[in-house]
Amino acid sequence: MPQLPGLLKGLGVTARTAARTLFPKRGMRTLIPAPQQGSVTVQYPHEKEAPPDRARGVIALHEENCTACMLCSRSCPDWCIYIEGHKVKAPPRRAGGAVRSVNVVDRFDIDYALCMYCGICVEVCPFDALFWSPEYEYSEPHIADLLHDRIRLSEWMETVPEFLDYEPGSEQKVRKVPEFGTDDFAPARKLEADEAAPARKLESDGARELASGAGS
Amino acid sequence: MSAAADLTGALGLAYWAETAIKLGVALIVIPTAALMLGYLFLLKMMAFMQSRLGPTDVGPHGSLQLIADAVKFLQKEDIHPAAADRRVFRAAPVVVLASSFLLFVVLPTGPDAVVENLDTGIFYAMAVSSLSVLGVLMAGWASANKYALLGGLRAAGQLIAYELPLILAVMGVVIQADSLNLQEIVRAQAEGEIFGFGLIGNPFILTQFIGFLIFMIAAQAELTQTPFDMPVAETELVGGFHVEYTGFRFLLFFMAEVATAFAFSALATVMFLGGWWIPGFDFNAPILNVLGPVVMLAKILLVAFVIFWIRFTYPRLREDQLQKFAWKVLIPLSLANIVVTGIFKVVL
Amino acid sequence: MSPPPTASALREQQAYVAAQAADARVNVELDTGDMTLNIGPQHPATHGTLRIACQLDGEQVISAEPLMGYMHRGYEKLCEVRTYPQCTTLINRIDWLGSFANEVPFILAAEQLMGVEAPPRAQWIRTILFELSRIANVSLFLGDMGVQVGALTPVFFAFRDRERVLNQIEEVTGGRFHPNFDRIGGLKDDIPRGWIAETHAVMAKMRGFCDEMEDLLMGNEIFQTRCRSVGVIPGDVALSYGLSGANLRASGVDWDLRRDANPGLAWDQVDWRVWTHPDGDSFARYWVRLQETREATKIVDQLLDGIPSGPIMAKVPRIIKVPAGEAYVSTENPLGEMGYYVVSKGGLGPFRVKIRTPSFSNISVVPWVMRGTYVPDIITILGSLYFILGDIDR
Amino acid sequence: MADDTGDEQSDDQAGDEAREALAAELSELLGDAVVESHVEAGQNLWLRIDIEQWHAAMAALRDAGFAYFGFLSAIDWTDAPEGRYEDTEFDAAGVGEDDDASSATAEETVRRGGGETRFQLLAQLHSPARHAAVLIKADVPPADGAPASVPSIIDVFAGADWHEREAHEMFGLVFDGHPNLEHIYLPTEFEGHPLRKDFPLLARAVKPWPGVVDIEEIPPELEAQLEAEVMAEFEASGAGA
């Protein structure tokens, strides 16, 4: 077969694409142009593309789980997480136990103007307090407004999807996302976390020890 | 300019009134033509060829997008570069636009629907179309910008290389039609015959196919559309001669570009595709003053489609390659075309 | 002694001086000497902020000197104050179109120092993501080269189809551009269910994209006229400038780190070939990249079918401290050889990281190759050498 | 740790043997230019070259088939005076102590191929034909408080041009015979050599470290009262029963 000149072939490619965009239904059976289906354009404000579940859109905070241990703040490459807290007294874990003192977060700010979306904070959090959400619509006209506080971060917990199943052959365990909406102080969850990691102390010097390598 | 022109003749208006109406119609037709081509091809067809949607929000299917753009352009600040030659800088877009306005003067769209039926119609069209290069050169020079200067110089070089094949390609048509008058060329095609079969006349694209090809290639270069868009060359000269233009001056360049594409499509239609004449009608039938423009428009859109289709598909040549192509291929080919046409004219 | 000048002689003299001055003015205004043209820092062809200072004679280039640093972020210094996991965040942003591939050599170097080896499943997934980022990166080149030589449409096709690959990367890593997915000792997470089948489909689409590019651009006679015998780099010059990747292979040097110095990923487990082209011109570079993209889709297809089961993380301490030592690991990244020379003194972070980026060396050949070309060729050559600005400036 | 290949896997071993052979071959080729060679098991081959013979050795290596110029850079071996995390508690929290314990020996063991000077040149060459790479080092001795000048290899490997310029601006090394030793990344008027360890990284100095624990303690005088309140509530809720 003689070779078609590349000039004509090229015209063929663009014409074919135009035809496919205009008549996406097979074989042009329907001659009504339907570019909305044929094109790859997503008309953003009108229709929204759903990012994958794992998409690193924004970091959500499950405040009840946070113990202000500063691990995330320290492992942040940009130093963009600011945490302050205070101690409160919490009831004992079981009957007959002593009253414990627990950290409560007063301030948990992430400066999204600095954040590089690396996800290290989410990963290092030993208490399941930070999660990725695919939410992406939080742009602000002023750069200073990108500093989001714990209330805003907690609202995003609602948008955190469940963790995905793995392909066969994986040995990873599928994790669970804590339920949203338990707005009161949840000592039960803290208790679980405590028992899961007995080596980790909640006190600040314990967290420091963890950061320096003793906690492995 | 179309039906209205006939109307004015029939009404026997005074010269000034007739001229005013013609002018008014032309002033409406040219921006409308530019808008239509721009919307249909530059926005929508290009988008479809690239799996996109193009504009959708302004007006039905985004059809008023260009008007919105024009309004936006008008709101922009009018910026002159500090070192620019201000007067020339301001005049350049007007010169370019004037050249495309003047082209519309001789384009016939019906037996009487023509602004001025010049006897030297083609000659005039070729002459005024090359005026635009003057404007481009002015823009390139006056911008005091190296990119713009390179673009302007490229445009000048391109003009010399392409004006020649353009005119030589037209020569074949002129020889065959025995006239420089565009109306007469349409008549020659309408009354011609293909081996005794005269129903569809004899569109010169059949006998002057090589001429048509050369005309289209040269027109592409004249319009600085893509394989020959070196004067603009976004990725090397960042816009070439109009790099310093903003706001409504840039709008004028843009309008001129699309309007000239329209005009050249119309010229190709008149010379090669039989113009406004519809097979089966008497050449002077008054109804053609109404139907002619419609037929003409359809043919123009077809030719313009090809022009833009090529524009969206092809990469751009280099200036020296273009010169080589023009002087070593197109000009000898068009000369041969003239010789062959002449021989046939004498023999037949 | 000359007689005192008469009035008329004075006038003549003044007229002569004035004429000379006018001539001089005209000569200054119409200086026909060389012209300096700055291509960039803001220029559509430099995809970023590279500046090329050209001396032109007409449209011919006398000399072209790339001036960079507009985007220098000092990553080598920044890495010195960061821990190893934090470094990958920065390293993502070196060649931002093929980010995952950037992480791999750094992680491998750290693993080498620690004496850790990632489990096979992690290595396979690494290789898959590596090749996916190659496809995402190079497919953009395949379209972008069209824009460089003036064709509008190919780049839209490239963006359209690259998006599919980026979606696949995002589905696994959570990041379209900056995956930050590689960890010392393995990977952050395993692949989600259904991903393998989807990726197979995307690979088929990408092969279609390669065919389209071949018809639309590479087969186009105008494109060939623009690219053939433009920017010819002979093999020995390419070697002495340290050109790597497709630029080197287009000069006829059969050298691919994936095959020749496999640092422990799964490339030796699958069947593929290295493409070379003898010409060394811009067209050869385009041709080689097109073939490599096709080859990469085949590699991915084969790897997807053979992912071994098992863990994705080797046993590494929670807080990573790398033993003292030095290591250099380089891999065949989309742009060429990217290597990290990591010096550790036993701390949480590297003591010194030398980042050997492909674009830096690839662009260093520009002054040599651009002499005597024309202004449009500058763009063709820059486009065909294919650099990412973050990869030059680091 | 120099030549210990005892517990390597077989394929690594083959590679190491090849590297050993290459080291021996190159040592012979370069003669007394090679000060020291080092093969790290399963990794790489280092050659340390006498700085006086840097140029000649590079030319000899190129002619021996190592024609692919990988990179050229330098290493500043001094410790940063401020520590890794300036003004932070990160270093203090364990890391620093650990370093101190090993720092006495770290200096000797860390350098592949040995060497004592503050600055070391570092380059890598590849042989495409032999699929082998070699890392080359050279000690840059101090001269009058600054590093001594180094012969440029721009005429051996044309690609060394930019790499030498980069090493010049980042480390302050001077390359004799380089025609255009100007800044490549930094502004012309920039002062200092950023990759030297004594060049402070201001980004870390101007901002306070956010990792400092900021937890408000319960005032001691309230502690007993709060404890009693919580306990009372706990017992009242019935959980204590």
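Should a chain be cited, it is by its letter among A, B, C and D, assigned in written order, with residues numbered from 1 in that chain.
What we mean here is this: a contact is a pair of C-beta atoms (placed from the backbone, for glycine too) under 8 Å apart; a residue touches a chain by one contact, two chains touch by 3 or more.
Predicted model only: the values in this text are computed from it and were never measured.
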- [ ] Quick one: how many steps at least from chain B to chain D, stepping chain to touching chain?
- [x] 2
TODO: Could you find the chain whose CA centre sits the greatest distance from that of chain A?
DONE: B
TODO: Please work out the Cα centroid separation of chain C and chain D, and write it as a whole number of Å.
DONE: 25
Task: Distance from chain C to chain A - Cα centre to Cα centre, in angstrom - done: 30
Task: Chain centre separation in whole Å, for chain D relative to chain A (CA means) - done: 34
Open item on the list: Distance between chain A and chain B based on Cα centroids, please, to the nearest Å.
Closed with: 56
TODO: Could you check chain C for residues that touch two or more other chains and list them?
DONE: 153, 157, 160, 216-217, 220, 222-223, 321, 348
Task: Multi-chain contact residues (two or more partners), chain B - done: 49-52, 312-314
TODO: For chain D, write out the residues touching at least two other chains, lowest number first.
DONE: 95, 98
Task: Touching pairs among all chains present in the structure - done: A-B, A-C, A-D, B-C, C-D
Open item on the list: Taking the touch rule as given, give the residues of chain C at its contact with chain D in the complex, in rising order.
Closed with: 68-69, 72, 74, 76-78, 80-81, 112, 236-237, 239-243, 253-255, 260-261, 321, 324-328, 330, 337, 339, 341, 343-349, 351-352, 354, 356, 360-361, 364-365, 368, 393
Task: Complex contact set, residues of chain D against chain A - done: 89-90, 93-95, 98, 207, 209-218, 223, 226-227, 229-231, 233-234, 239-241
TODO: Mind listing the chain A positions that touch chain B in their complex?
DONE: 7, 10-11, 13-15, 17-18, 20-22, 35-36, 38-41, 43
TODO: Enumerate the contact residues on chain A facing chain D in the complex.
DONE: 68, 70, 73-74, 76, 79-92, 95-96, 99, 101, 103, 106, 204-205, 207-209, 211-214
TODO: Name, in rising order, each residue of chain C that touches chain B in their complex.
DONE: 35, 37, 43-45, 59, 146-153, 156-157, 160, 216-217, 220, 222-223, 225-226, 374-379
